[in-house]
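Next up, some structures in structure tokens.
You will see chain A twice below: alongside chain B first, and alongside chain C after that.
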Partner chain A sequence: MSVTSGVSADDQAEQQAQASPPERKQGSTLRKGEGRLGLYLVAPTIILLAVVIGYPVVKAIVMSFQKDPGLDKATGMFVSGGSAGFSNYTHWILQRCGTASCPPGTLGAEFWDSVGTTFFFTAATVIIEVLLGMWMALVMNRAFRGRALLRASVLVPWAIPTAITAKLWYFIFAYDGIANRVLHTHILWTGGEWASRFAIIIADVWKTTPFIALLILAGLQVIPADTYEAARVDGANSWQRFTMVTLPLVRPALMVAVLFRTLDALRIYDLPAILTGGGGGTGHSTTTLSILVVDQIRGGFNSAAALSTLTFLLIFLVAFIFVKFLGAHVVQTQQRQQKGTI
Partner chain B sequence: MASTTAVGNRGGLAPAPDRPVIRRRSRFTFASVRSYAGIVLIVIFCLLPFYWMVVTAFRNVGYTFDTTPWPTHVTLDNFKTAFSTSLGNHFGRALINSAIIGICTTILAVLAGCFAAYAIARLNFRGKYLVLGVVLGASMFPGVALLTPLFQLFTNIHWIGSYQALIIPDISFALPLTVYTLTAFFAEMPWELEEAAVVDGCTPGQAFRKVILPLAAPGLFTTAILAFISSWNEFLLASELSNDKTQPVTVAIAQFTGSQPHQEPYTAVMAAGTIVTVPLVIMVLLLQRRIVAGLTAGGVKG
Partner chain C sequence: MIRRTRGFSVAMASLGAGVLLIGMGGCSSGGGSNTAGQNTNARGPITYVQGKDNNNVIRPLIDQWNASHPNEKVTFKEQSDQADQQHDDLVQHFQAKDPNYDVVDVDVVWTAEFAAKGWLQPLTGQFALDTSALLPTTVKTGTYNNTLYAAPQASDGGLLYYRKDLVPTPPKTWDEMMADCSIAKSHNMDCYAGQFAKYEGLTVNAAEAINTAGGEIVKSDGRTPNVDTPEANKGLSMLVDAYKNGNIPQQAITYQEEQGRQSFESGKLLFMRNWPYVYSLATTDGSSVVKDKFGIAPLPGLDASKPGASSLGGHNAAISQYSAHKATAFDFVKFLESADTQKTFATKASLAPVIASLYDDPTLIQTLPYLPTLKTSIINAVPRPVTPFYPAVTEAIETNAYAAIKGDKTVDQALKDMQAAIKAAGS
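Moving on, here comes the complex of A and B:
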């Protein structure tokens, strides 16, 4: 059984063999022209993706090396653009505005804070959501009755647009709102530094945990029941069955869920933008990288392009680490799940 | 229909017939009480905030912060306020905008996506895994990285305030989602289908058009719904690339203004949220099994 996802990512030959089903004989009539047909069929998708993603990415990289028109802070002269070298990048990474460091309160001084905020949200939400989602998936997997009700309910938070979710929690967390009333507290949920962070985390956990639970459940359901039987016969208690049977077998599905969720959390925008306006506490304690990009756009395209390229590289780096070192083999896992061979 | 059953069985909560039912029954009390408690907790967790939105939507604005858990002071005024344009909100127009953007995005994504998904799932061609990798990479792509170049481009060519300025960026996440979900659907169909079609004298192209596509209709429909929901829910790009005339509901609701400045019209916002959400929830309830199957196959958040 190809359970352990530690299969090296580059066994493409094996994949190719897997991809063509054994029933289809070499040289059957169907294979004629199959290669060309395949290319024709994927062409529209590739062209569309090149237009809607490829072009903007290349353009953003080009823009990020151009100077924003405006007054040069050092000389007081108007600059109309031109090549900027890496100055847009050093502006963010070293927090340099001109020749001096960016004064507090400007966007340039917020880069590392928002990196920290983004990673904090990501770590907090992913950990809570995966633990809670695992529990939900186990409950759903055991449920005999109420399956339809369960499935319907877990889809509700997923179906609600994030912007509406944010407004809903904005109402729940209002100063006179139900959260403070029920808890008998007077917390400024959308204003305080940590309160607003927790408000965002709570709203995100509500919105996304059910989705994680569904992904994990899909992995749980392909575990054959006799595996548990065998473990039971061997005298494993329920905790041992969970740690030694369930966890290793569900690991590929779990890793894919964690990967998707992490990348999604790193680009978090809707909830903090609407729930707290990126403010809270000192004024930017919930400013994530995406919010910073949006704030910067009107202050100079090229600088914003450098920032969004940095954001993109950061997310790419995290994805790379996941796939390379943590064994999140998205394609293989999906393919095996499709074939039911996990 | 072959594909229907295949899809149904992969639904996240499909019954597992080979579970040891008898053993369960012997430990009836503790295990089942714990299981039912878990189910009740999950249902409450998922539905309570949504329930509160609907209750508030029907509650008189004077009792906005009333904490009675059941509907009180029921009124439809909030819905009238939500649709009223006298406060500078254009919720009705935003609903139409969202529908136009969502439908166009869905049609384009499903049209292009079903060809690519078929090729990836059922044909052997060079560069197949490269294409799959590109699609996967695109699905993880942060929308904010598109924002700056598109904002500048659309400003320069005066597209801000046009529908295409909102449809084009939506393709960037709807198309990978479509390709990914449909690949799973196509891969599940019996392999003999094209063989039989070719024996009957079809070319591979005809086998796709006349045999596979009609049989994949349920999968296409589910995928279309997922793509539509993902586009309907988009906020980040729309908030910057739209203007008052083209803004979708998510942006309109986020910017809802009340009669007084700094006073949030909570009940009207909840009413608007209910209008936007309830059709989605009904759709999801009707098609829950398929949507779960599509979601777990695609593994991409909408």
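Moving on, here comes the complex of A and C:
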């Protein structure tokens, strides 16, 4: 991270401000012109974002407060449902279908299960990927023959589109597939409750670990070699060098990697959708929130809009917690680095 | 820089989450103005919309039509080969009231939804279609609320594939088939498989079992669920018991059409329920070891007097409410229904005809030897529920049948839940 450049920019600004108070007025009018120019330059982007992001998001929220069209029993035709209040939200959160609770076999009954599944996938994949990614990054950071080849080949899984990854693993995990033959097992990888979940975790770890590894590698490479030399001189063994030099210094990069992966994993759709179709176990053991949204779209837009708004809020909450608590660590670490307390 | 990273992360987070919402924004609910009486006599160029034309059969047919109708030319709009994508594409164009989607090809299970949304021109009055020559079960798939909304265009029914080298006479009843499973055991093969993975195929197979045993999914009004009955219980129990005792192998719970076909073609499966498309593949595939060792029969019934009740596949042709040239569109639908066109579909694309007499046509039987068996299957078939809430209904059937077959719940409980879930689907 370019802490120093940030500081020097501040210093420059301060110096300028101190050095040339008379020019301030002139400078500020110039700034005004610049501001207007800046506005003009930014306007197209803002308008574009408002159209392609702002409008749909607002529209989805408005839709989520309307009822899905119901059937007019007399004509057999759909009629628009009118205002729904919060009923689309209570449908999901309280699992209410009409006046009764949603029976098994309705999407409403699957909401909390999918929340659990989504968070389980997120926790499991991120933890495994960070541990493996850290190890891979440490290996790639060493100087040895064939390092460039290793770095390139590690990227291969990440370069393959997820849909293709999912299909590849679908064949590997077929009953007559390679996985069962190599392991001499008869596991129903796409049918069992935990087997199907592990199948997805394995495929996701295979695909995404390189991404984490590269982000961590980038963090490792900015650690100056002399800090290690100093540690060695002080008599630190390799474990101490790892926990007391490498880990604290790589933490900012690590946190960014974890944040990105977490948010990505929370919206996971393509891998389970193709690998297991959201099935397995009880029939929805691998249904994530995004899969549930897509399923619901065919059954009613307004209810699906409420579900995607809920998903949005959940992910936003997680992101907020991350930035609020772990983000603070990033800042602290760098401040401490600056002060030279580590 | 630190600040920026943090702000950037939040922005990325909200952006990522927002993508989910964006998918929703473009959609708005249907319903609305009645356009049934508009453009009914108008003639002019039209567009025909259909999923991917794998066998290149549509374009030559349209060329043929265009040659004789220079002022009412048909343009072919080809969709993807994925059913879900075809469905969503049609929904979007109907919502936009696109006048350029004149004649559309709809899967049998979407017909009710599109009709209830008011998107399809009812085939009544001047659009009345003569359905007397058609197989009655196929007409049912295009009928919603006692009104025909879509003309049957291609049908499909389930067949029982069996190893004639091991089982000389195919079983007529489910019990006979289960008894024949001892043959499979002695040859170290699996006995029976259908489509039991949790997807649309399971709805097809579960509905077949329930209908064969004399039960029904919904009452004749198409809305009221009726699966909590002794007959339905008997039907679903056939599958559940066979899975429990191993006559249906444990991996069949992951089978879609293709996995079953591969197992059958590699000689590992004695009986298989599948669609007619398997016939030519199993006879010609290089990897097939059963090329001249298999036969086909109607699905086994409850007793020998009546074969099993297949579910119906296939497509119907419908006229959009928003079409600008409905008179031409109707003529084109009749052209698709004509015996000549149906024959072309059958010979060039192996599509099962909807005209009853074609199943007895000797030249057709020569190219498609399974036709007489398929006719029995389709005549005895029961369409899947014709309901505007089909996605929710099929989810209710799939989920609960899957849980019952796996033994996660009792058949009684599964049917009670299925009943409640189908009911909730329509509320």
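Note that the second predicted complex is superposed on the first by the 275 of 342 C-alpha atoms of A that agree within 3 Å, B and C clash if a C-alpha of one lies under 4 Å from a C-alpha of the other, contacts with A are read in each partner's own complex, and residues count from 1 in each chain.
Note that contacts are C-beta pairs under 8 Å (C-beta built on N, C-alpha and C of every residue); 3 or more make two chains touch, one makes a residue touch a chain.
Quick caveat: nothing in here was measured; it's all calculated off a predicted structure.
In the superposition on chain A, A:P44 contacts chain B only, with no contact to chain C. With both structures placed on the common chain, the touch criterion links A:C102 to chain C but leaves chain B unconnected.
Of the two partner chains, neither chain B nor chain C is touched by A:A195. Of the two partner chains, neither chain B nor chain C is touched by A:A231. A count of residues in chain A touched by chain B and by chain C gives the higher number to B.
Touch criterion met: A:T208 reaches chain B, while chain C stays clear of it. In the overlay built on the shared chain, the residue A:G146 is in contact with chain B alone; chain C does not reach it. After overlaying the two complexes on the shared chain, residue contacts for A:F312 are found with chain B and with chain C alike.
Applying the stated contact rule after C-alpha superposition, one finds that A:V258 touches neither chain B nor chain C.
When the two structures are aligned on the shared chain, A:F301 is found in touch with chain B and with chain C. With the contact threshold set out at the top, residues 52-53, 55-57, 59-60, 63, 174, 176, 256, 260, 263-264, 267, 290, 293, 297, 301, 304-305, 308-309, 311-312, 315, 319, 330-331, 334 of chain A are in contact with chain B in one structure and with chain C in the other.
Residues 1-3, 5-6, 52-53, 55-61, 63, 66, 68-69, 71, 75-81, 97-98, 100, 102-109, 174-176, 186, 188-191, 252, 256, 259-260, 263-264, 267, 277, 279, 282-284, 290, 293, 295, 297-299, 301-302, 304-305, 308-309, 311-312, 315-316, 318-320, 322-323, 327, 330-331, 334 of chain A are the ones that touch chain C when the two sit in their complex.
Those residues of chain C whose C-beta lies close enough to touch chain A in the complex are 1-2, 5-6, 9-10, 12-32, 84, 87-88, 115-118, 144-145, 197-199, 223, 250-251, 253-254, 259, 262-263, 388-389, 391-392, 395-400, 402-403, 406, 408, 417-418, 420-422, 424-427. Of all residues in chain A, those touching chain B in their complex are 12, 15-16, 19-21, 23-24, 28-42, 44-46, 48-49, 51-53, 55-57, 59-60, 63, 135-136, 139-144, 146-164, 166-172, 174, 176-178, 181-182, 206, 208-211, 214-215, 217-218, 221, 224-226, 229, 256-257, 260-261, 263-264, 266-267, 269-270, 273-274, 289-290, 293-294, 297, 301, 304-305, 308-309, 311-312, 315, 319, 330-331, 334-335, 337-339.
Note for the complex: chain B touches chain A at residues 10-16, 18-21, 24, 31, 35-36, 38-39, 42-43, 45-47, 49-50, 52-53, 56, 64-65, 67, 108, 111-113, 115-116, 118-120, 123-129, 131-136, 138, 140-153, 168-169, 171-172, 175-176, 179-180, 184, 187-188, 191-192, 194-195, 198, 203-205, 207, 229, 232-233, 235-236, 239-240, 249-251, 253-254, 256, 264, 266, 269-270, 273, 276-277, 280-281, 283-285, 288-289, 291-292, 295-297, 299-302.
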